[in-house]
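Given below, in the form of structure tokens, are the structures.
In the two complexes below, subunit A is the common chain; its partner is subunit B in one and subunit C in the other.
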Partner chain A sequence: MEKAPTEAEFHAKFKAFYTLQDNEATRLKQVRLWRRLVLEDFARQQQQQQRSQGADAAGPSVLSLDSFPLFTNAKLDRALDAAGRKAVADDLVASGHGQWHDAGKTLYVFVKTPSEWASIIYDFVQQNGLGGTIYTVYELHSGDLTRNTPIQGIEPALCIQALEILENQNKAEVYPSDESLDETGVKFI
Partner chain B sequence: MRRNVGVARAVRARKERDAYQGKGAELNRANLEHFQTQMAAFKRELENFAVKHKKQINKDPEFRNKFQNMCSKVGVDPLASNKGFWAEVLGVGSFFYELGVQIIHVCLATRDANGGIIQFEDLLQYLRRIRQRAGRETQQISEEDVQRAIASLEPLGNGLRTVKVGPRQMLVSVPMELSPDHTTVLEAAQTHAGVLSIPVVQRDLGWSQERAARVLDALQAQGMTWVDKQTKDGVPAYEFPSIQLNLM
Partner chain C sequence: MEQLVPAQLTSAGRAALEEDETQVATATRVSLCDRNKKLLHECKEGMLAVTTHHVWWWTPPQPGRNPDEAHAMKLPLQRILKAEAHSSLFRREPRIDLFFASDPSAPLLRFVFRDNKCAEVFERLQTSLARKNWEKPKQVVKRESGFNTQFAGVGGVMRRQQQEREQTANLTTEAFSDLKQLLDSASEIVKLADRFSSAISQNQAKAQAAAAAAAGGSSETVERKQEDDFFALLNDMGIANPATKRACGSRYHEELARELADFLAKHLKRHSATGAIALTDLYCLVNRARGTELISPNDLYQACILMKPLGLNFVLKTFESGVSVLQSISLNDDTVSSRFVELLRDQNDPFTARINAVSVASAFSLSLQLALEQLKTAEKLGYLCRDETAQGVDFYLNLFEHVQIYDEEAPPVPPPVPPSH
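Up next is the complex of A and B:
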């Protein structure tokens, strides 16, 4: 017997889940459950997009605080209050899963954080001996090089954030491009 | 002439007393021996019985409970220990140990969400699911089994306490002391499907507004109840995840 995870139970049945809780410990749990809901939802969206449109279509995942569908539950006649939405967004940013796009209104959501991507990319480079050659971001997210790996389809902006993390760790050199994000180059060390 | 006076009488009296005492001790000894052989026979029978019904003891909670009661009358606790003869005979020594660990697991896994209070019904349901996954589904468990397993965890400190809330048992795994007011409100929450408000508590229990608010706030501080401020009538609703949600 499979059962819905805890966050889905709260989301589907619990009206108080849509009011940001005053009790600090409860509020922390509540925000953590919301984080999981948001990330699961974006992961699902991305998989669907990749399946139906191919890797090239992957654009950045944007969450709008006003209109993110999961924030509203018509069946329960509840919608997450403004303070709750702000708390969820702040938590996403603090945990590395979000970055403000239009401060207070929209943010980019990263199902995997840039540092998680950094280690995925670096492991891939190590396993395939790709050190020393220059690659473009385009090659990483859409090239034959990464076909059938999780890196295929990564958003360019996110990819660059991950590469910058590697650069800070002296594992890569990043060559920014004035033309486009896709043409940013990288050499792994 | 008066007989039975003086030294001779005293001597005879002592002899008689000694004789009686001797006889008494003899009788006592015989009784004890008799009783000991009887106990030994009974224990032997109990063991034979246990071996013969091993399968049923392991499988059938009601049968297990009756067997356990019978054993405890003669000072044997076959299911609680995992050493020695009984464990070898029955292979059940670890039964309560395992169940105890599973109970703790359920409490920890759901504590975040329910504030550390869980209804026995739910606990049993989660335990059955866990045991099913562990390939133990043929071993049915009952509320008595769970009670006994909780009791056997007592030496580890009183981290788990059962609380009677109305007709139901709940298991509390947080250090909070539940006062009679708290359990009364928890009981009210159960009759209202896990949703209360200050006016509802006032009306149901005939309490003052302050008393209702104080108790609900205490349960809220413990994480046992959450507040919904989006109700139609604008009166905050206190919602209990331990009653409303399936958390495992």
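Up next is the complex of A and C:
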């Protein structure tokens, strides 16, 4: 079985990577490669942020379809066409790795999907016996509670999605807030 | 019926005429009967053709049936003593009776017509019998045998060439001034064209050998290009027996289809390296070859549609964009696509190896339209992928082919932070 080039090689050297492919099977693979590139890039950004700025200043991971740098490759003189960008964004949303912020223009990117986070959060709750008390989303991402755990720094929007999944599984109750995402409350069962 | 001899059909099911033989009349749905008006075995309603040398009778081969069932026979005209035509008013079965030397009193063979060609066929038959083309000498231009001082030396060579030119000019004037004589001369004209084309190809071979030996001058290439064009023109003049509407009636499109199949079997390789030709190009080629009795685009299209049901070697294919091409059945999309992949693999780096309609059209002698269609087909089959540029579409090897995708992907491991550049 021939080994395929990596997504990095496609991005660096292959002009055809920047045209959304007509052939459906080929397009599927192309979009998946872009997804990997986007997620790797955001994962790297997050790591850098955590390292340099500390846990509190975890800015949201937002991708702007117009200006995301990886969509353009000056050396190849190519830029992913509009249809391609839309396809990549739609794929991120469909796979649980994205949520529209400004529909069609900007997108929250979730390196881990909400269902992955739901498992992580629930495991953490189980291990530390946190059931029964009401916590806010703010406490989850920036409180002492989760210091030095992966949950520290999680995006509020992402966190809420994960909590809603747990609610559907009857593992938590969510209390939405009128004021801000951070004020949303959750009680684990 | 001993006078009839078994005969050969071409691969497309038409009469395989001899070198000098020219077709002068055809009819459909003709039955053969003996002197007692009894139908000869399996000789009901076939194709009839009168030529300068024979009367042909055959049943066109049907696809899917035993080829041995389709039989063809021909009757040398020189065996016929005389012919009579009879048309009865009451039964619509006009016929031609043929008399032979073995029994001058009674017709041994009768052709019974179901279409309305009897009179025309009879007239042409009489003409052919009178002309006795089988007795004519074969050469047109007689060479002087023996040495004659008139033709010695450079002056002599020039005189001889002058004489040949005059003979050729006379031949063409004679031929074109009288249509009847044209029928006679048709086969001779074709032979003349063949002679020219073989002379030119000999010249070409010599010129190529000389160019290979010497450094090769640019004036030679211009000359050679002109010769190439002339050579192509002559080759295309090879059809002396066009299937015409008058001759074939309701079987017109079928006969046309067979004629096209024969023509393409000979000439397609020169016009297309991928064994496919767009209908628009075929229309021009075929009409240029026919010269007169041109066929309409619709006739061409109808004939092409019939190719598959008739079991001929070509099939009409229509692309999504509406472009129609005729392609040889031995050709398939995977073969063509593999050739494109070969072209790409010849370039060094798979990431930058690319082809487009222009490069493919020139590499395989295709029209741009056909080249683009075949490239898109290769893309559809997954051999190629595309890069849309301001100048058009480029096609690359489909490097995406072996990329593995999984339903559940492991979360990405961020690559180590690269050193700042």
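In the analysis below, the second predicted complex is superposed on the first by the 184 of 189 C-alpha atoms of A that agree within 3 Å, B and C clash if a C-alpha of one lies under 4 Å from a C-alpha of the other, contacts with A are read in each partner's own complex, and residues count from 1 in each chain.
One rule holds for everything that comes next: a residue touches a chain if its C-beta (ideal position, glycine included) is under 8 Å from a C-beta of that chain, and two chains touch if they have at least 3 such contacts.
The shown structure was predicted, so the numbers you read here are calculated from the model rather than taken from an experiment.
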| item | value |
| --- | --- |
| Fit or clash between subunit C and subunit B when superposed on subunit A | clash |
| First, second, both or neither for A:A43, with subunit B first and subunit C second | second |
| Dominant contact partner of subunit A by residue count, subunit C or subunit B | C |
| Touching partner for A:F14 - first (subunit B), second (subunit C), both, neither | both |
| Subunit B versus subunit C as contact partner of A:A74, first or second or both or neither | neither |
| Which superposed partner A:K112 touches (first subunit B, second subunit C, both, neither) | second |
| First, second, both or neither for A:A103, with subunit B first and subunit C second | neither |
| Contact residues common to both interfaces of subunit A (with subunit B and with subunit C) | 1, 3-4, 9-10, 13-16, 18-19, 21-23, 25-26, 29-30, 78, 81 |
| Complex interface listing, subunit C residues touching subunit A | 351-352, 354, 379-380, 382, 385-388, 394, 396, 398-405, 409, 411-415, 417 |
| Sites on subunit B touched by subunit A in the complex | 112-113, 115, 129, 132, 220-221, 223, 226-230, 237, 239, 241, 244-248 |
| Subunit A residues touching subunit C - in the complex, by the definition given at the top | 1-5, 8-10, 13-16, 18-19, 21-23, 25-26, 28-30, 32-33, 35-36, 39-40, 43-44, 47-48, 78, 81, 111-112, 116 |
| Subunit A to subunit B touching residues, read off their complex | 1, 3-4, 6, 9-10, 13-19, 21-23, 25-26, 29-30, 77-79, 81 |
